[in-house]
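Got some structures for you, see below.
Look at the two complexes coming up: chain A is in both, with chain B in one and chain C in the other.
Up next is the complex of A and B:
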């Protein structure tokens, strides 16, 4: 907006510049949003409409696709599994991440920097490289094919530790010291002083990890095989290939996919403000 | 109310730097102790060690006879006011002040009563619903003090609490702190680099330099009887004039020979100089600007040109550039001197201080 006042370039140049931006951003948005929109409209089509490439919007919206997914399929069960497993995992990740980030930022101890380096080094490791050792550990603990296994294996998030640490570093150390002088333990200082001041980081962390856990496919499919423990991605795939009907019920597959996404959209709608703040690095602290 | 004792306390950082070197300090109940010194002298580190925010590398710290080196800050029952106030930005003034009581699980009614009492005593009644971001510097300062006094702690620690305020407000808050001290009747430890604050507030002043204690005394003694050249120069505004001179015999007595003249030594000072074997030797002399006077050529100790005449209201400061030294004189406003004019200065002999030029220790005050 400031360009209106500060831009001294000639009018045609300015128009071209704006057009260029609109074009680039518009194209990027279309490429990003199109598959999603396609999925949404296809969820309301008949099978014939889907296969007819000449029509984009459904001739008659098939709301029954959605209702049959909600009432007559195991998809809601998978959504429920995903939602509560993700919620528990994120809660544990927030507690463990916040504690470590607090120690890294506010406590003085000899191995502080080394500890952070080690933590970050594990972030560089490809996730796939940890599958086998993690699988063996879970097998030893008899936690394969269970929610416990899914949860225990994801209690720590390196990304979260990093994100919270960056947020905590914006807080003047004096505030934590003041809380300590006021009689607060480290635990209280973390949750009553540091946490409210870095709300954006916490919400961003929670939301991003909730989404990735909710959508996680590879790891859950490695350690769970009973359908009662399926999370949505695994459940969708199972639904997709149900009864050997691979790829035949496109309308229902699209409807299932659309239904699965709805909880995330709702969540994002409520936390969007904080999410953008957290990613942008602004923690909402004002003197 | 508390007695705090530091015994051979040292703070050494991991890189080997010693911020505080083997200091011994006894703070009695109800004393208002000021730690003063230039930046980097270790005063804040000392305060933070007492608070428990810095580990003590060596030595012992006692609070009411109990060694508290390893007691965490939350269990020391000591309150602290920070330089930048450190108010919790997400809490209202009320919540900021009440926070320590909430932690102690004091009943809500009592918290409410105490917060309102403290707010009333600090003039914060109308600000209780505001957040720190909506307060002025002086108001933040008051909230920070309110947060400290509501707890009735054993001791108050204040780390340069006025340094972020403008000069006028600083003067006003200084009076309020002095008043608070009288009302609360408890131990205060106050860190500042401003010697005016130190002199006006403290009952006991600890002057520090490079991690060591230079002198511990009351304000009057520090001003009149400094232990060494550093203390003499640090305490008092404008600062003390220092110049070189030689002790010589003259008649029955001794004089300090300066470049442009001489200063006779009083019998008392002469005795101390003789005792120390300084006759015939070079010494560093010091005289406070208020003890320098205009004189005629015959009795002058200095001759020089006026470089600056500063009118400060009822008094004026005259900076005189002599051959080797710059002599500052604090006089009254009627003594106007034109820039560049040659003037002669003498000193009040009884107020002369002499220092060992090597060790900078006082020979006589």
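Up next is the complex of A and C:
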């Protein structure tokens, strides 16, 4: 039926093409996995091991490197900061994004198209161009160097608005109109009719933005200066360049990176399908 | 029936619309639209952040920027970095997607591995890469020497620093492009291939005549997204090279950061920001224009 996969080429050609495929995929996956593997084996090395380029695996795994990061370093605190700040930000972004996307798709008002054009235009602008004035605004509001400042400056996600708008447009308008005629408010129509039907878009939105806020570096590092407010990227970099560590404590630095990265890889392993089906499928592009 | 028609014609009431629009629109105005306009305004002033007063200086910031060789270096580095990350990411992402679109044992694991750099913090993995790139005792040089090649200085030399940062960026974004292509390839209607096969399209011709046009919207989308991301790359540069050695990885964004947040020369910094905005808009417009010739919806 499907000629896409039928293969009636000569056997040697088929073997060659399979070999080529294995070679490319093998190289690509070793290239991508290698830094993670190197991080993990380096994290378990002694100072002597790590300077010896002949050794790939640690002679005796130094689990104490990992435990000292978990129990005697500020890294867990940064992870905790990142996790809860991102959770709050994403919750706010979902509510504000869902409401705006609902308005764009289901509400009738004169400036609807113009509003969408404005949102779309901001999507392409380099966000860094907003940083100096945004910094001044937070300074005026006395919100520099605080969790409040981090949260309040990120309550809207343009990417999320696109993702949800794209999902909402798949819903037949009649369904929402029927709910309205049964007396449901727009608010209830959004959360009880539209939201359950576009659950996948919401989950993708939540996961993608959680990860990117959690990892975010430039903006948080500009507005927070005290380590108690550091998100994980800034904290990790501070740990990396703290006096003396650079260049001498590579094993500890790798252990810190591993402690930050491994939970994310585990989270990703369990939520992979939402990323893979979600981002490819709902990008606002036809075809 | 008539009630329905009546409902369809009516606009929603202003308070309802505002209620739904404002929770996103207010932050959008305060932290996006107003700051962009403010950036443009500040680029015509001589503000140094510390003084409470400042005055309009016309296009002086732009003139001194356009006379500054550092600016042209940064502009060039930005273009090299953008081109150097854009094409490999898109091409390799497509190759990997083509090889993985048909499921086989282990293809799920491969997708997981190749996408995983995208979800990890750029700072964390850049720290790992700076350890890999270390001139003495770094694994990259160990591998090069064992292959009989001469070791490189990677991020420690102005000849190879840009290449090193580009490699990390491709490593990070490859999986993202692959995922988009995977879902685009799955959506190419099978009938197109069947019709093509009847016309004798196989292998390479099939790829050029059927596959590439069918996925062209995805290519277009990825080109814009990767370009915008590359123009704004900061994390990996900050960790790996801080714009060095001797400015060889200083992009416009990094120059903006140094002028604004290290030197507090807000007038010059915002002028660079405006150039970045114009560059982004300009490159996007060119792509929209060119896309009419090769994107098929």
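Brief remarks on what is shown
What we mean here is this: the second predicted complex is superposed on the first by the 273 of 287 C-alpha atoms of A that agree within 3 Å, B and C clash if a C-alpha of one lies under 4 Å from a C-alpha of the other, contacts with A are read in each partner's own complex, and residues count from 1 in each chain.
In the analysis below, contacts are C-beta pairs under 8 Å (C-beta built on N, C-alpha and C of every residue); 3 or more make two chains touch, one makes a residue touch a chain.
No experiment lies behind these values; they were computed from the predicted model shown.
Legend: residue contacts after superposition of the two complexes on their common chain; A:172 is shown touching chain B, with no touch to chain C. Of the two partner chains, chain C is the only one that A:260 touches; chain B does not reach it. Looking at the shared chain after the overlay, A:193 reaches chain B, while chain C stays out of its contact range. Judged by the touch definition given at the top, the superposed model places A:181 against both chain B and chain C.
By the touch criterion stated above, A:87 is placed in contact with neither chain B nor chain C. Between chain B and chain C, the partner in contact with more residues of chain A is C.
When the two complexes are overlaid on their common chain A, residue A:118 makes contact with chain C while staying clear of chain B. When the two complexes are superposed on chain A, the residues of chain A that touch both chain B and chain C are 108, 110, 177, 180-181, 285-287. Residues 14, 51-53, 55, 72-74, 78-80, 82-84, 86-90, 99-100, 103-104, 132-133, 147, 151 of chain B are the ones touching chain A in the complex. Interface residues of chain C facing chain A in the complex, by the touch rule stated above, are 3-4, 7-8, 10-12, 14, 16-17, 19-21, 23-25, 27-28, 30-36, 38-39, 42, 92, 95-96, 99-100, 102, 110-117, 119-125, 127-129, 131-132, 137, 139, 142, 171, 174-176, 179-184, 187, 190, 193-194, 197, 214-218, 220-221, 224, 228, 231-232, 234-235, 238-239, 253, 256-257, 260-261, 266, 269-270, 273-274, 276-277, 280-281, 284, 296-297. Taken together, the chain A residues at the contact with chain B in this complex read 108, 110, 172, 174-175, 177-185, 188, 192-193, 196-197, 285-287. Residues of chain A that touch chain C in their complex: 1-5, 21, 24-25, 28-29, 31-33, 35-36, 38-39, 42, 51, 53, 95-97, 99-100, 102-103, 107-110, 115, 118-119, 122, 124-134, 136-137, 152-156, 158, 161, 177, 180-181, 186, 211, 214-215, 217-218, 222, 232-234, 236-237, 240, 250, 253-254, 257, 260-261, 264-265, 267-269, 272, 275-277, 279-281, 283-287.
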